[in-house]
Amino acid sequence: MAFFDKPLDDLRAYRPQPEEPADFDAFWKQTLDAAAAAASEPESVPFDAGLATVEVRDVTFSGWAGQPIKAWLLLPRGRSGPLPAVVQYIGYNGGRGVPWEWLTWSAAGYAHLVVDNRGQGGGGKTTADTPDVAPEGHGSSSPGFLTRGIEDPAKHYYRRLVTDAVRAVDAVKALPEVDPTRVAVLGGSQGGGLALAVAGLRDDLAGAIADVPFLSHYRRASQITDEGPYSEIARYLKGHRFEVEDVMRTLSYFDATNFAARARCPGWFSVALMDKVCPPSTVFAAYHRYGGPAQIEVFPYNGHEGGAAYDTPRKLAALAEVLGPR
Amino acid sequence: MAFFDKPLDDLRAYRPQPEEPADFDAFWKQTLDAAAAAASEPESVPFDAGLATVEVRDVTFSGWAGQPIKAWLLLPRGRSGPLPAVVQYIGYNGGRGVPWEWLTWSAAGYAHLVVDNRGQGGGGKTTADTPDVAPEGHGSSSPGFLTRGIEDPAKHYYRRLVTDAVRAVDAVKALPEVDPTRVAVLGGSQGGGLALAVAGLRDDLAGAIADVPFLSHYRRASQITDEGPYSEIARYLKGHRFEVEDVMRTLSYFDATNFAARARCPGWFSVALMDKVCPPSTVFAAYHRYGGPAQIEVFPYNGHEGGAAYDTPRKLAALAEVLGPR
Amino acid sequence: MAFFDKPLDDLRAYRPQPEEPADFDAFWKQTLDAAAAAASEPESVPFDAGLATVEVRDVTFSGWAGQPIKAWLLLPRGRSGPLPAVVQYIGYNGGRGVPWEWLTWSAAGYAHLVVDNRGQGGGGKTTADTPDVAPEGHGSSSPGFLTRGIEDPAKHYYRRLVTDAVRAVDAVKALPEVDPTRVAVLGGSQGGGLALAVAGLRDDLAGAIADVPFLSHYRRASQITDEGPYSEIARYLKGHRFEVEDVMRTLSYFDATNFAARARCPGWFSVALMDKVCPPSTVFAAYHRYGGPAQIEVFPYNGHEGGAAYDTPRKLAALAEVLGPR
Amino acid sequence: MAFFDKPLDDLRAYRPQPEEPADFDAFWKQTLDAAAAAASEPESVPFDAGLATVEVRDVTFSGWAGQPIKAWLLLPRGRSGPLPAVVQYIGYNGGRGVPWEWLTWSAAGYAHLVVDNRGQGGGGKTTADTPDVAPEGHGSSSPGFLTRGIEDPAKHYYRRLVTDAVRAVDAVKALPEVDPTRVAVLGGSQGGGLALAVAGLRDDLAGAIADVPFLSHYRRASQITDEGPYSEIARYLKGHRFEVEDVMRTLSYFDATNFAARARCPGWFSVALMDKVCPPSTVFAAYHRYGGPAQIEVFPYNGHEGGAAYDTPRKLAALAEVLGPR
Amino acid sequence: MAFFDKPLDDLRAYRPQPEEPADFDAFWKQTLDAAAAAASEPESVPFDAGLATVEVRDVTFSGWAGQPIKAWLLLPRGRSGPLPAVVQYIGYNGGRGVPWEWLTWSAAGYAHLVVDNRGQGGGGKTTADTPDVAPEGHGSSSPGFLTRGIEDPAKHYYRRLVTDAVRAVDAVKALPEVDPTRVAVLGGSQGGGLALAVAGLRDDLAGAIADVPFLSHYRRASQITDEGPYSEIARYLKGHRFEVEDVMRTLSYFDATNFAARARCPGWFSVALMDKVCPPSTVFAAYHRYGGPAQIEVFPYNGHEGGAAYDTPRKLAALAEVLGPR
Amino acid sequence: MAFFDKPLDDLRAYRPQPEEPADFDAFWKQTLDAAAAAASEPESVPFDAGLATVEVRDVTFSGWAGQPIKAWLLLPRGRSGPLPAVVQYIGYNGGRGVPWEWLTWSAAGYAHLVVDNRGQGGGGKTTADTPDVAPEGHGSSSPGFLTRGIEDPAKHYYRRLVTDAVRAVDAVKALPEVDPTRVAVLGGSQGGGLALAVAGLRDDLAGAIADVPFLSHYRRASQITDEGPYSEIARYLKGHRFEVEDVMRTLSYFDATNFAARARCPGWFSVALMDKVCPPSTVFAAYHRYGGPAQIEVFPYNGHEGGAAYDTPRKLAALAEVLGPR
C-alpha cells in the first residue's frame, strides 16, 4: 500500500479552511423538524436467528419524510431491565445485512441497534432491506450515491440518509428495552461519517465512535485518491467540467468536518495511514474540528480495514466510560 | 484483449433458450399506453451552437409518466421541407452531451434527434440533462442503473428508460421539420440495446441500427465478463446470493433478445469479438432472434469501440436504403 | 470475476483420477500415533474479553510432537452442564486472532474451540499465537506454507498442521465444559481443508462443514489459478522445472480428496463458482470422493467469500441435526 | 486518477530552466529551407463522403524532403468565396483517419485541413495514410516514435513530422478555397505540440490552440509519468544507461518549450490536472515560455481527454477573434 | 499465470492449416540472392572485455542489401585451431548488448557469434548497435516492429531482419576462427523464430535450437494473447478493421511455421505452457511442421522465461551431438 | 515506473537518524563466535558442467550453528596458482542456482564462490540447495523471510543468513585454490545487503560491491513501497497493529545501515532511482553511513535491475584495484 498522504507530523497539524455554507444550521433544522413531524412510533417484531444468548428483533422506524427504515435490534438474553444502547451505522454500499454479522455489542451487554442504509446493500458485502424513495428524483449522477442529487442539497441522497441516522436515535430511545438516557453512536467508514453527523446534529448522546470515517473534506478527498466512493466525485466532475464549485457547495452540507464542529459529546476517532478509501488527511480534518473532547487512534500500516476486531478493547473501554454499567 | 468468448463459428450458431416472461407483451402494452396517455406535445427552442451549417434545437418531450425528457435536434441548414429522421440513443453512463459531439447525421442530410438518458451522464464522458424521477423509489441496488429497481419490473430503471426511448419516436414524428413516415433508430452499446427495444415495441420504423448492443442475454453476460455494466448484476448477486432467479426474471422484461424477436423493420447489427463490455455471444443471441431482415458486421480485433467512425459508410448506406432521399 | 472454471454441469460430473500414495494410511497412522504418545492434557485459563454473555478461555493443547498449540474456547455463560462442541479451523495466513472475531457458535449455544495455525497469522488478517517448530528444518520453498518441506512428506508443513487439527478434537473432548460424544468440525478455505482432513483421520465426529475448502486437487489447482496460495506451487515449480512429479507426490499426502474419501460422518460443503482462490473444480473433486453422506451448496456469483454470514442458517441447521440439543 | 504532479499554485509558478541548444534556430532554418526548396504545389481531389453539407477533398502536399503528405480538406458547401482556414494536427499514434471524425470546424464555417502523421496511425484509434520515409535509417529505438533517430537530431522522427506540420500551412495557403491571410493552427496532445512548433517556426499565423500539448519538457516528463509516449524515453534510457544527456540534447531540438518561446501569435492552451500522458507541469512549462499573448484553461478533474467537445465554445470564440468573419 | 491455451494433449495434436503464399520460395530466393550479391567479407576487430578466458571480437558483416550488421564473436582463449560455431539470435526489442551477457557457449568451447537486431535494442533490456535502414520507408504501423512495413512483404521489417540472420551464417563461416562445416543456430523467443527461419532457408546447418520461438502462427497468436509483441498485430487491426486478410498475407512470408516446413537439419524446440508472449499452440504449430528430426521440451509451469539456464545441459548435449568435438 | 522517492538532490543529503540497538556489536560477536566454534573445514567436489574453460566445484561449508551451506566454486582452467577470490551473495528468493548462471567472475580470472541462500530458491528464479534449519522454530510470520522469527533477534531468519554469509569468507580463504589475502564480496539486492553485512562484520576484506542493496532502513522501506520483500513488513504489521516498535527493534539487528557504519574496506554502491523494490532513499541511507571509502553509481531510469551487465566494467575496475593481478 505505502504511504500516499501527508506525513504523520503534518497530519497532526492539518487544519484546512472549512467549507461551510451560511445556512448549514437552518438547512438541517428545517430538514430534521420535517422528519420529526412525519414520524410515528418505531415497531419491532421478533426474528428467529437461532441463537441461544441473543434476542433479535426486526425494527422499523420513521426516517426522512417519515419513510419506514429497517434496523436490527440485538439484545442479550436474561437481562434485568432497560439497557444502555449502541446505535451502529453501516459502511457504504452495505446495509443491516443479517444479525449474525453483528454479535459484539449485545454480547458486551448493550442493546444494539444496527441501522439500515436506504437503497444501498448491493455492493456485494452486507445487504440492505430499506428502499430509497426520493419523490422528486435526481439529476445526472455517477454510479454510486455520493453524486445522487448533487444538483441541489435538498435532493441529495445524504440528506435522506443522515436524517434516517438522526431519527434512529429517536427510535432507539423509544424502545422499551432501552434506557433512553444512555445512548452512544458508532460506525466505520460511512458509518463513522454518519456517527459524526448525528453527534453534530443531536445534543443527547453519551458518546460517538468514528472509525476511518467517510463523508469528510470532499475537495481534498476527490483529488488525492482514485479508490473508493470519493472517486465518484472526480468521475462526475470529469464530465461536468464547469461545475466544480457547485458540486463542492452541495457536498458541504454533508461534510463531516462541519458536523464534527457542532458535536459536544466525547468522540473517539481512528485513522489508518495507508487508507486510500478514506485518506488520513480527510480524517484528521474532521478530528481537528471536533467540538467535544476527542481522541484518535493511528494505525500506521493499515488500509481501510483500520483496527478491525483488534481495536475492540479500546471501544469497549470507551463505551463503558460513557454508558456506565449494563 | 484477446478472444475470450466462443469461437466465431460457434457464435454464428449460438441460439440460447430465450428467457421471456409470459406477460411480456402485456407489461409493455400497459406501460406504453400509460405513457401515451400522459404525453403532451414536444417543445423545441433554438440553441446557439455557433455553427454555420447546422441548426440546433433544444427539445423537450414526454417520456415515462409524461415526465419531460431532453433531446437535441440537429438539422442541416438550407433544407427545403421536412426531412427523414434518425433517432439516436446514447451509451451507458452518458447522455445527450453537447451538440458538437453529434454532427454526422445532420451533415448527411437527416433530421437528427439525440435522446437524453434520464439520471445518467455522470460517467465522465457525455453528460445528461434529464433527471430520473421514480416516485415509488427502489430497493437495494449496485452502483449503476442495471439493478436499480431490480426487485420489481414495474420499478426497474430500464422500464422508464425504454419508455422514454419509445416516446422519442412519437416526439420526432410530431416535429414540423420531420417527415413522420421516414424514421429510423440507431445507437451503440446501451443506445443499441434501446434501438432494439424500440424496434420491438413499435411498428412504424423504417430501420434500426444496433452497434455492439447492451441489455442482452443477462444471464450469460453476468457470468462471462467482469467489465462494464453487466458486472453490476454479478456484484448485486454476490451479496444477494439467494435471489438469482428473481433477478433474472426482472431483467427478462428488459432483454434485447426479447425485444428483437418482436421487431419487423430491417436491422443492422455490429459485434466486436474482443468486446468485454458487450460480449459477442450476447450480441449474437439478440441478432439470431431478430424478427425482421437483419445483417451483422463482425469486427474481429475490436473491443467495445466496435467500428467507430470507420463504420459510417455502412450506416450511411443502410439509412439511404430505408429512408430514401433527403 | 466471471466464470473461469468448468461449467456447472461439468463440475457436477467432475471426478478426476485420485492421486493417492500407497502408504497414505500408514503415513498418517505413524504420524498421529507419535503425536498421541507425546500428548499431555490440555490446559485452559480465563481470558477477560469484556463480554457479558460469553466466557472466554485461553487453551493450550498438545499438537504435532506434543508441541503446545493455542486455541480460544468460547462458551455461553449461564449454561447448565457440558455442551456439544464445534471445533473451528482458520484460513490460510490467519490464526485464532482475537475472541471478538468468533462470536457466532457460542451465541448459538455451543462450546466453540477456535484452533490456531502454527507459524501463520502474518497475512494481515487474523493473527496467530503459536510458533511453528520444525527441528529438522526444510529445504527450498516459495514464500508461504504450501511448499515448506516440499522435499519430503515427513518434513512438510501440513503434516504438522493437520496433526494439530486432529489433536484439537482430542483436546476439546478432554475439556470439562464439553460433552465428548458430540463434536463437529468446521472451517472455511484452509479451515475447510483441515475439517476434511480431520473428518478423514478420525472416526468419532458428528459432522464436518467445509466451506470453499483449500488443500484439494493440487495438480489442477496449480494450473488453473494464479491467485491465492495454490499459486505457490506454480511459483515453486517455475524454478524447480524438473520436480513436478516429486512435488505432486509430496502434496498427495495432504490432499483433501484423499482425506475426504476416508470420512464417514455427514459432510456439508459449499463452493463458489467465481472463486479463484479455491477453484470450484477442486472443491467438487473433494466433494465427489467424500465417504459419508454429503451435500453441497453452490454460490454462483461469489468468489472466495462464499456464503459468508448469509450461509449461517444452513450451518445452524446442520449442527442442530448432528449435535442435538444444547 | 488523483493529482500526481505539483499543486496548482506551484504549477502556476513553474518556470524550469530551458534546455535549448545553441544552434536551435540554425537547425530549423536549414531544415525548413531544404523542405521549401523541395516542395511542389499541393494537389487535391474530391472524396465522396456521402455528406450533404460538407465537401471533402483528399489533399497531398510536400512535406519533409518534398515527400508527399496526405490531408483531408473539409469545406462547408454553399460558401461564397475563400474561407479562413483551420489547420489541425493529430495525436500520437493516430492520423487523418476518415472525414467523419472531423466535422466540427467546417460546420463552423471554416476551411479545415486535417494533416496526416507520417508512419503513425497504427495505434488502434485514428488511422494514417502517409508513409514515413527516412532514407538514412535510424539506430536503436524503443517501440514508438519518440526515440526513433534519437542518436542524431538530423535523423530524429520529429524533425520530419514537425517539418510536415510547418509545410501544411504553406499548403493550405496555396489552396484556392482558402484566404491565405487568415490561418490558425490547432490540435490536442501531439497535435497541440505540433501547433506550438508551427507557431514558433512561422510568423504568418493568426493564432494557435494547443490542448494538453505533448512534446514538452522531456526531462521532467520522462521522470514523472510511466504512461503514454513519454515513457518511451524512460524505456530507452533504461537500457541506454549512459546516454541520458545525449538523449536530452537530441530531444531539445523538438521541445515545445523552445518552440513556444519563439511564437508571437495569440495562443490558447488547456491543461488537465490528472493528465498522466501529458503531465500538467510539462504543459505549464511550455505555456510560461510562450512568446505571444496567451491564456490557459485548467481542467482539474480531467485526464488526457482534457476539455473534449465541452471546450468547443472557448475555441470557437478564439477562432472568431483571430480569423474574423467566415 | 495459469494455463490459458489448449490442454497439453490437444497441443500435442495441434496441426492448424498452414497459411503459406504461393510465391514464398520465390520471394525468399530473390531476397537472399540480392543480399548475397551485395555482400562483402565480414570484418572483425578486437574488443577489450577485460576477461581472462574469453577473447572478444567486434564483428561487422553484410546483411540485407549489403548493409553493415554488428555481432560479437566470443572465443575461448588457448584454442588450437578452428572451432565449431554457434550463431545466436536475440529476442525482441533487444540486441547484441554487451559481451558479458553471453558467456556460456564460448565457455563450452565453441566459437559464438551473437548477432545484433537492426533498429531494436530500445526495450530496456539488451541494447543494439545496428541501425535499420529502409530506403523506401514504410506505412502506418503500431509501435514495435511486427507491423512495420505491413503493407507489403517487400517492405516488411522482418524481411530485412531474417535476411540479416541468414547472412550471419555466411559471415561466421568466413571467419578464420571457425570450422565452416560445423555451424549450428540457436535463440530464444524472436531469436528462436530467427533460428527456425535460417534453418528453413539454408541447407548447410548442423542443427537448430529454438526456445519458446516467436514469429509463428500469427493469426492465432494475435487472437489468443494480449501480452508481448503479437499484440501489435491486434492493435494494428483494431484501427485497420478491414485489412485483416492483407495483414495475414504479409505476415505469412515471415511465419516460422512456413520456415520450419523447409528445415532438414535436426531441431530442438522448447515450449512453456504458461507463456503468454509466445503461446504454446503457436510453438507446437511450428514444431509439428518442422521438416527435419525434431524434439520438444515442455515446461509446464513456466512463462516466457522457459527453461532459462536450467535447460543448458539439454542444449550442451544437442550441440555436442551435431557439432562434434571442439 | 517514474520517480517516487525523494529528488536526487535530497537523496544525496539524506542521512536519517540511525536505529541501532545498544547491544548490536555484542549480539553479533556472540553469534559469530558460536558459529566459528561449530565450524569444520569446507569440502568441495568436482561438478561436471560441461564447460571447456571453467572448472566447477560443489562446495559445502559450515554456516550458522555449523550447519552445512552449499556454494559453487567456479575457477578458470589453466591457472597457475592460488587466485584472488570474489564471494557473491544472491538476491531474495533465489539461491546458488546452476553454474551456467554465474560465468562472469571466473572468466575475469578470479576464484568465484557463489553462496547459497538457506531455505530460499523457491521464487521461480534461481534455485537453492541448502535447507534452513531453525531448531527453536519461529512465531507468526508473513509469507517470505523478512518476518520469520520477527519476535526475537536471536530467532530471526537473517541472523542465520548473515552468519552464513560471514562464514563463507572463512570458507573461501580455506580453499587451496584461493589466495586468502585477497578476497572481495559482492552482490545485488539481498546479495548487496549481505555484502554490506559481511563488510561490517569482518576486517579482512579487500572490498565490497553492493548493487541496489536490500536489508536497509526498514522503517522507511516499509512505508514507501508496496512492491518486493519490504512489503512483507507492512503486511505483518497490518495484522500486528500494536507491535510496530518491537518489529523495528528486531529488524535493527539486521539493518545494512548499521553494518555499513562498521565497514572499513573500500565500498562501491549502485542505486536506481526508479527502484520500487529497494527504494533509493534506503540505499543512500546505507551509503551515507558506510565507514570505508565509498562511491555510488546512480542509474536514473532503472528499476531494480540497476546496472545489470552494463555495469560490469565498473566492477571489473573496482576488483582489479583492490584484488590486484590474477
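A, B, C, D, E and F are the chain letters, set down in written order, and residue numbers restart from 1 in every chain.
Quick note on the criterion: contacts are C-beta pairs under 8 Å (C-beta built on N, C-alpha and C of every residue); 3 or more make two chains touch, one makes a residue touch a chain.
None of these values were measured; they are calculated from a predicted model.
Counted as hops between touching chains, the shortest connection from chain C to chain F is 1. Averaging C-alpha coordinates per chain places the centre of chain D 50 Å away from that of chain F. Averaged Cα coordinates give chain C a centre that lies 63 Å from the centre of chain D. Each chain gets a centre from the mean of its Cα atoms; for chain A and chain C, those two points are 37 Å apart.
Across the assembly, chain F contributes 127, 238-239, 310 as residues in contact with two or more other chains.
With chains as nodes and touching pairs as edges, the resulting graph is of another kind, matching none of line, ring, star or complete. Applying the touch definition to every pair of chains gives A-B, A-C, A-D, A-F, B-C, B-D, B-E, C-E, C-F, D-E, D-F, E-F. For chain F in complex with chain E, the residues that touch the partner chain are 50-54, 76-78, 97-98, 100-101, 103-104, 106-109, 127, 309-310, 312-313, 316, 320, 326. Chain E meets chain C in the complex at residues 1-3, 274, 299-303, 305, 307, 310-311. Listed in rising order, the residues of chain A touching chain B in the complex are 93, 95, 119-145, 147, 232, 235-236, 238-240. Touching chain D in their complex are the following residues of chain A: 222-226, 234, 237-239, 241-242, 244.
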